[in-house]
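Worksheet: the structure to be examined is printed underneath.
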Amino acid sequence: MAAVRTDSERTEKGWEPKLIAFVCNWCTYAGADAAGTRRMLYSPCVRIIRFPCTGRIDPHFIVRAFEQGADGVLVSGCHPGDCHYVSGNLLARRRFAIFKALMDFLGLEPERLSFSWVSATEAGKWVEVVNSRVEALRKLGPARVPWGTLSGPPPSLNGRSVAPMPQEPLSQVKPDDYQAVESQLRQLAEGLLATGQVKAVLGYGKGSLQQATPIVITNATEANQLIFNEHCVQNLTVYLTSPSFRSLRPLGVVVKACDSKSLVGLLQEDQVKREDFRAIAVSCPGVKVNGRWADKCLSCDQRIGPIADHIVGSSEPKSTAGADPRDWEIQTIEKWAPAERWNFWMNQFSRCIRCYACRAVCPLCYCQPCIADKNRPQWIPTSPHLKGNVSWNLFRALHLAGRCIGCDECTRVCPVGIRLDLINRRLSLEVAKRFGYEPGKDPSVPPPLATYRPNDPGEFIL
Amino acid sequence: MKVRNDYLPDLVRIVAMTDETVDLRTLRLVFEDPSLRDRFSFLPGQFGQYSVFGVGEAVFTIASSPTRKGYIECSFKLMGKVTTALRDLEVGDLIGFRGPYGNGFPVETLKGRDLLIIGGGVGMAPLKSLIEFCLDNRRDFGEVTILNGARTVADLLYKKEMEEWGQQEGVRVIQTVDPGGETPEWRGKVGLIPNVLNELAPKPDGKFVVVCGPPIMIKFSLQVLDRLGFSPDRVITTMENKMKCGLGKCGRCNIGPVYVCKDGPVFTAADLARLPRDY
Amino acid sequence: MKIWTLQKKRVGDWMAALRAAGKEVLAPCEADGLLRFRPIDDPSAIAVRPGPCPFPFKEWLFPPHQVLFSYQFEGGKVNLREEEVLVNDQVGLFLRPCDAAAIKILDTVFLSDPPDGFYQLRRSHLTIVTLGCRQAVPSCFCPAVGLSPTSLEGSDLFLWEEDDRFLVYGVSEKGDRLVQVSPDLFEPGEGPEPDQLPSPLPFMERKEPLTNVGQKLQGLFESDLWQEVGRTCLGCGICAYLCPTCHCFDIVDESDAYSGIRCRNWDCCAFPLFTLHASGHNPRPDQPSRYRQRVLHKFAYFLQTFQQNMCVGCGRCSLFCPVGMDIYQIVLQLTGRCLV
């Protein structure tokens, strides 16, 4: 990043914090204006950028502000109930709660990112908020420049073996458990194809190297090519939105319990029509990645997911469910100081080569075009340098917040082993805690960040 | 250490601009480095990478003729990121240029021949270079027939030039607009280029034909020419694939084993028939 | 060919000598669960596993992100600044024979007219020390593309493990010079011709030749088979990014109000944007047509232009493809030699 401007103000003695305030036009801007006309004194370190509504303030803008050298960002708008567009600020409250949780988890000092409700009459509050933020930034010193600098080797998560790992009750799983499912699956597929209920079946077949690979079967006589075993790890629902599969509708798609949840997401978001596919739900004891049970399987208590047109095998809940080992890792990270966390994640992100495999395998990354492919404006630098990688990984995490169903495909395929699963899971936990929402459950409710409740918690807002 | 760097552009200054249509503008550019002004040479049909610094590069044909020294021209259509930024620039602004790239028209082969030059839309840009080259070397070439088409009268390029060319000896200019694109004053033809071509029914007689324009126009024009008996190795056209490096390295402009940026963009219909349909 | 022996326990001394002579040693090592070529000082950091290192060496010759030049805006002016490239002499240690052969392929692309200055500079500073494969992994198919676990293509020195020592074959003068850096560590030795070494070649399963399939594949350009084989390709970039011979790149500007850079970044023909025109037209509108480009570039087009395949059979793409697209099997299938 040779020529990206190095901001001399930051290194010189006379450093002053730079606080960017994104404010709504109707309340906070009017409040700030009132402070001005009343000649109330407040810190000149704030740069105000006016928006029609907090609902229009996208976390992208905040990321951009940091990228360009802000030391802190303040977002401020109308109090709940006062929004001139009725609910803009209530939607924003949800979005910012999640964004803040993400930034905390990554190790941005909490004081650098603040939110407040300031009405047109609260000139005094505006002054107070700005001054207190600027003071906090002064204490913290300049933000790590540029946004995403590496500082030494990262703390390690390799202590997983000493963690209170759940035993692997999955070791009780026997090859027979899969074989019965496999033979029933073949019969079912044969029937569906023979009777024309589906045009094709998308399932797993034997791969030449990897032991299972997605295959498409259009003829009942080929049904015996379908397999089901502990290697059937891919989430096949990713193909439902692929143009190359359009001509195969209605498509029978083999889904495990976890994969089935992404069907909920796709239906919720109108990406597939219910009549375009038939979910062939295979009773799944668990699958393995690199010879070990997948992390997601350790805590999975279901054999059959929420969307199942045909059930193959038992639909009894599982008795083998334990704890998710990622929870221990998340807790470990959260015990680290912000600087350590930041260092950990910057090291992770620095490895990203921007292959976009995480996006390609994600059933819910269906956008055409994806934000990463848009060039007017260029939200995300396309270069695989730290700045670009941080942007990319932040945006993708945000886009999946409350939508990611935890199939862990992104993490499985990332060729440089970035722990995307920890970020996704951390945000899922936040969504569950705040909004009582679990992704991939009910296709008739809207995704959590596309809605709000008047009484959503707003404890983080000044 | 400094290395050989073919990506480093030369600075050129915009000295004049002409709006050909609502979304098509011609820029006249002069190299900042005075020595380049005379030294820079190219063939009609070659192209360059034009930089708007801070935004990126875009590929345009050099629309002026190498016979007219001291400046180069390009005509660009408003499309996406770079062309939008280019639109915002003014006379006096600096942009970057690297090139020339590509093979260019086979002017040596064309010498002594009658030429039928068919252009649609911004496809006229490379043809303008060729036409000016022929007119500046008038004795080297035979009759020149120019068939120029656009969707509407307002979309026709190089209106002034067309008029001038039409007045020269041995040059015939025929202009056409798509049905519905004519105005009450329009005295040219009305009809799609391939149809007009069919109606004109030129005889092969050793002529060379050069066709540039949108893919669909090229496709149907080639069919008509084939029917009229033109030999595919005497029908010349240009290809437009997405490009980045212009040097045959970045791997995106290929049609089969051929890199359009290096081996093209000028191909004969016979060449094209041998290539996979990957364009 | 000169042959020496080097005691394994003296590799550290050799590395120290190379470093003392101002050379940087790049070898596969593991950091945070990721195997990659990294500059190292300490031989104990080296992590050599059977088969090629998952992340190929090419990042050292053709980095994922290369600044081409930078510029500053000043009033109405633009000041261009050429990018200066700093490289030490480098030694690539413990590449596999396929990796070394892959560098020769990159050479054909980047050193052919017009040569790429950035690549050329790095390449001229690099010496390649290859470790022959005593063991292959199931994904390997170098024999199918005319190479082998002991091929010398692209290597400067070739090592073969034998108990507590390496047989060291001097393949090029550049390689010999590395030996001369600490001659006392290397004893003149004897050994069979490399192709007579006890390599795993006879036991390798994937060796159906893929060397002369260009014409046949190109004849299939319009075939429906591509839909069949390419439909499940997700268009992620893993195959190209991990391929030691893929070399496609994008060129972009990154700037603010004061300055900017123009840079080139890895790119991949599997991406929809790769060939998308500004007009919206895309010559390769779907994944199967993009996958076709991948196969044809490697086994047909490149062959036509440079008289060799653009695949060294390292098997990385097949092993790391999220959906198990195995280029070896797929080419066999396309050319009617389907084994499954």
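Which chain is which? They are A, B and C, in the order written, and residues in each are numbered from 1.
In this section, a residue touches a chain if its C-beta (ideal position, glycine included) is under 8 Å from a C-beta of that chain, and two chains touch if they have at least 3 such contacts.
As the structure is a computational prediction, the values presented were derived from the model and not from experiment.
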Graph class of chain-chain contacts, one of line, ring, star, complete, other: complete
Chain separated most widely from subunit C, comparing mean CA positions: B
Whole-Å gap separating subunit B and subunit C, where each centre is the average of the chain's CA atoms: 39
Separation of subunit A from subunit B, taking each centre as the mean of its C-alpha atoms, in whole Å: 47
Centroid distance [mean C-alpha coordinates] between subunit C and subunit A, Å: 33
Overlap residues in subunit A, where contacts from two or more other chains coincide: none
Set of subunit B residues in contact with two or more other chains: 80
Subunit C residues counted as touching two or more neighbouring chains: 71, 83, 250, 252, 260
Complex contacts: residues of subunit B adjacent to subunit C: 1-9, 11, 51, 53-57, 79-80, 83, 92-94, 96, 215, 240-242, 244-245, 247-252, 254, 256-257, 276-279
Subunit A-facing residues of subunit C, complex: 32-34, 54-55, 64-65, 67, 70-72, 81, 83, 138-139, 227, 230-232, 234-238, 241-242, 250, 252, 254, 256, 258-261, 263, 265-266, 268, 271-273, 286-288, 315, 318-326, 328-329, 340
Complex contact set, residues of subunit A against subunit C: 1-5, 68, 154, 156, 206-210, 212-216, 234, 238-239, 242-245, 347, 351, 353-357, 359-361, 369, 373, 381-385, 409, 412-413, 415-417
Complex contact set, residues of subunit B against subunit A: 80-81, 84
For the subunit A and subunit B complex, residues of the former touching the latter: 375-376
